[in-house]
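There are two complexes below, and they share chain A, which is joined by chain B in the first and by chain C in the second.
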Partner chain A sequence: MSDRLTIETSALRKNYDGVEALRGLDLQVPAGSIYGFLGRNGAGKTTTMKVLLGMARPTAGAARVFGLAAGDRNASVDIRSRTGFVSEEKSLYGYMTVERIIRFTAAFYPKWRRDLEQRYVRAFELPLDRRVKALSLGTRSKLMLLLALCRGTELLMIDEPTAGLDPAVTEEVLQALVAYVSGEGATVFFSSHQIAEVEQIADRVSIIHRGRAVVAGALDELRERFRRVQLVFDGEAPAPAFRAAGIVRAQRNGRSITVLSSAGADAVIEEARAWKPISVDVVPVTLKDIFLETVREEQ
Partner chain B sequence: MLWYKSWMETRWVFLIGLLVASCVAASVVLVWPKVMGLLPLAATIDPNGKLGQEIRESAAQVADYRSYIVSQWFAKNLRQIASLFGILLGSGGLLSQAAGGAALFTLSMPVSRKKLLATRATAGLAELGVLTVGASLMIPLFSPSVGKSYGAGETLLNSMALWIAASVFFSLTFFLSTVFTDIWRPLLIALGVAIGVSIVRPFLHIAPGYMVFDATSSGSAYAGDLPWRGLLVRVALSAALLYGAVINIQRRDF
Partner chain C sequence: MMLFRPNPSLGVPIYLQLMDQVKHAIETGALRPGEQLPGIRPLAEELVINPNTVAKAYRELEHEGIIELRHGAGAFVSRNSGAKKLTDKLRAAQTTVAAAVKQLRAEGLSEEEIRRLFEAELAGLARGGNRE
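Right, the complex of A and B next:
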């Protein structure tokens, strides 16, 4: 992984008929990373990918891929020539056979990897003479992944790579992604709401909520930074008014206060000391905890 | 490869259209002796009534083989078939693909939307041209079987004029397919326009130079005087509709 950014967005906004799909999204995806893009349904993940690939125009802000403006029509063609994309729908031309759609796609990419094609046709057990419309969702997903992987591109952008797949196919797909990055030095930017699979393969993540990135960073660093602090008091807990930086959520429940901090536990404990808690527990949090806390709607 | 994709998506409409049009063209030629056999009956019709007058006029028109071919094939059957298949060939495209999700795969290719549309429009117009001209070639091919002849040059000229005329309906459907996301509304609207035009056409006083084929065209319709103004208007209309389609698709978010 290098310091070079493959994807960069700044205050990116996208409105669809008055609905704000992206509301000032800031994103930085370093070259060579496996970047997990987490969010609830409708958070703006697919819209972000569409904007990055020129399928939707940004309303405001900047979106750059390989340093090229995604909103520019000519630059967008260049971006797509260097990017493999798998959409969430996993829809292809049903009338083509597997063999034909592979040849069709290969014709657009001068760096098409015939060696990878042969390897994945075997590994994914793709029936070359069968029409795409006759394939199961799992086989179609694997075909789409092959079509993205073999383009010989620097970036793979995958929207929900394992949606609707059984655990065995999911594992195959994830392993193929990891193998591609380690073998080709490419960048993978994938969206998901499957936290386990993001934890399994991503080295960096961003959590998007209501069109904004609410958490971003290296996965290890996030696990290090985020802490849950549980304070228990003798009587009724005081109102949890913290001044410390990085407080994601502070919740009072009877005699206890639970605090989620994105800046470690020290500042929280230091501040809470003045309230004289009878016990202080610091618990490391999982990515799932971080996700659930940061995208949780206030009641 | 985009050509291949366009061909794969329209080939059945094209092939069925070519087959239907060729069969109709051949049958127009082959029934001519029977039509001639019925002509004496026209003389017995009361010429004072409006209907009788029209029948006698039509009978006089088809008595000449060349006039018969122009009125029955080019002005009637081919015009209707070419308009219908122009509409069918113009339907579909990126927006209806978007409903099925395949549009995102297409749009992920390193190809501009303008090129995608240009390829599809060119392929569709070429198919319509082959359908119109190819089926019309049945006329000179089958004419000797009824003891007549019809010039290949005149066939090409007439059928290409009709191709240009039918291209308007292709372009209209193509344009509407960039407005509506389903496949049916563009088809139904374009069919409605085609039917509406054919209904009001007899009541419109259109200058002869703007008519590509009048229902009462004589056999010498294009003997050195092609309806240039009519053809140019149709080319301009088609170009405007295709340009509108490109603008629509370029502005659209998927």
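Right, the complex of A and C next:
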């Protein structure tokens, strides 16, 4: 692949007090992409972001941002100055007014985008003279996002950009992210539990489960590769022992077998033919299906 | 430009949906030969989808000879007959599909069942080595 990588981790591990938060994470985020980072609570998403920003040191493996080692102190300062980060925690100076904190933040960033600031103050309907601590959760999220968007940085890293926002504001936020990438040629790396919004704006995704990436790639390719195949038999279904590559799950239920494949339907159908099914159905799989199937705990 | 409206949760790649919608717009005459398509950036922002996805759809459409990408000027519907021929072919195919769907409906099959049958049939074709 010739694409320049904005973020790259390989075999990344992070232990906290004996807990393995990351267990060999491989990530490749090309420059100019909108990268959706999916996973259940506790899967390791926030830890990954902290490591990338130098807020936590990797236990083993490599983590690079803009080609710089995230664990290196000096490199980390550089990485942070080139990254807009919005965390889930949304800690802000509560005593400041909205206007004050915008000016306060702008002072730190020489490339501050006044045009974007004005656009998003209007679009997000931010009350400039209100104190931050008096803002609702949704309004506070919008303010945090504005502060990150206007820095003029080449990477935007966001933990849950739309958590707690209503659908209209969510659309505004997604639009802002798309505009950020298309206009500035920047990269957006965001985590989310809203699979529908990831499907809408991301071109690449990875699904992380128990500190490891279980699915990763271009969203369009995943949509083309993943298929669910439903086989129905005249009598009791045979044991679903497939040799085909890319079988995520094969389940027998009475007269039918349901197979989720990450490598298309052809090989599955070919193999199942010998068992003489009376019907074969192939259905495309949504990102939500892929997510639910790959993070499901084995019973 | 509300000619296009891909649905991200369909399970079908968005660039393919967008390609189909552009072809459909040309087929119905909503876009004429020589006419300009929306730019990648404004279209991505309007549809709130990834700009790389729009770029990919445009590249593939250019590859199929349906549009032309002129450097710095944007994307235009092709003037040559490539698009037209494909359009005619698709129109004829549409008639065949419409007839089949109509008959299946008359036999009481649901939309979902018909869709699955098509999917299974296409998978079967690919297995036979007739993949395009």
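Please note the rule applied: the second predicted complex is superposed on the first by the 297 of 299 C-alpha atoms of A that agree within 3 Å, B and C clash if a C-alpha of one lies under 4 Å from a C-alpha of the other, contacts with A are read in each partner's own complex, and residues count from 1 in each chain.
Here, a contact is a pair of C-beta atoms (placed from the backbone, for glycine too) under 8 Å apart; a residue touches a chain by one contact, two chains touch by 3 or more.
Here the structure is a predicted model, which is why all the values come from computation and not from measurement.
Participant: Specify the outcome, clash or fit, for chain B and chain C once both structures are aligned onto chain A.
Facilitator: fit
Participant: Could you look at A:93 and tell me whether it touches chain B, chain C, both or neither (first, second, both, neither)?
Facilitator: first
Participant: Would you please give the vertex angle at the Cα centre of chain A, with arms pointing to the Cα centres of chain B and chain C, as a multiple of 10°?
Facilitator: Here the answer is 150 degrees.
Participant: Thinking of the overlay built on chain A, is A:77 touched by chain B (first), by chain C (second), by both, or by neither?
Facilitator: After superposition on chain A, A:77 lies in contact with chain B alone.
Participant: In the overlay, answer first, second, both or neither for which of chain B and chain C A:5 touches.
Facilitator: neither
Participant: Is A:263 touching the first partner chain B, the second partner chain C, both, or neither of them?
Facilitator: neither
Participant: After lining up the shared chain so the two structures overlap, which partner does A:31 touch, if you call chain B first and chain C second: first, second, both or neither?
Facilitator: neither
Participant: Is A:107 touching the first partner chain B, the second partner chain C, both, or neither of them?
Facilitator: first
Participant: Is A:62 in contact with chain B, with chain C, with both, or with neither (first, second, both, neither)?
Facilitator: In the superposition, A:62 contacts neither chain B nor chain C.
Participant: Report the closest approach of chain B and chain C over their C-alpha atoms in the superposed model, as a whole number of Å.
Facilitator: 26
Participant: Intersection of chain A residues contacting chain B with those contacting chain C?
Facilitator: Common to the two interfaces on chain A: nothing.
Participant: Which positions of chain A touch chain C when the two form their complex?
Facilitator: 32-34, 171, 174-175, 178-179, 181-183, 196, 199-203, 219-220, 223-224, 227, 265-266, 269-270, 280-288
Participant: What residues on chain C touch chain A, complex-wise?
Facilitator: Residues 8-16, 40-41, 44-45, 48-53, 56, 116, 119-120, 122-124, 126-127.
Participant: So in the complex, the part of chain B that touches chain A is made up of which residues?
Facilitator: Chain B residues touching chain A: 1, 4-5, 8-9, 100-102, 104-105, 107-113, 250, 253-254.
Participant: Show which residues of chain A lie in contact with chain B when the two form their complex.
Facilitator: 16, 50, 53-57, 73-74, 77-78, 80-81, 83, 85, 87, 89-96, 103-105, 107-109, 144
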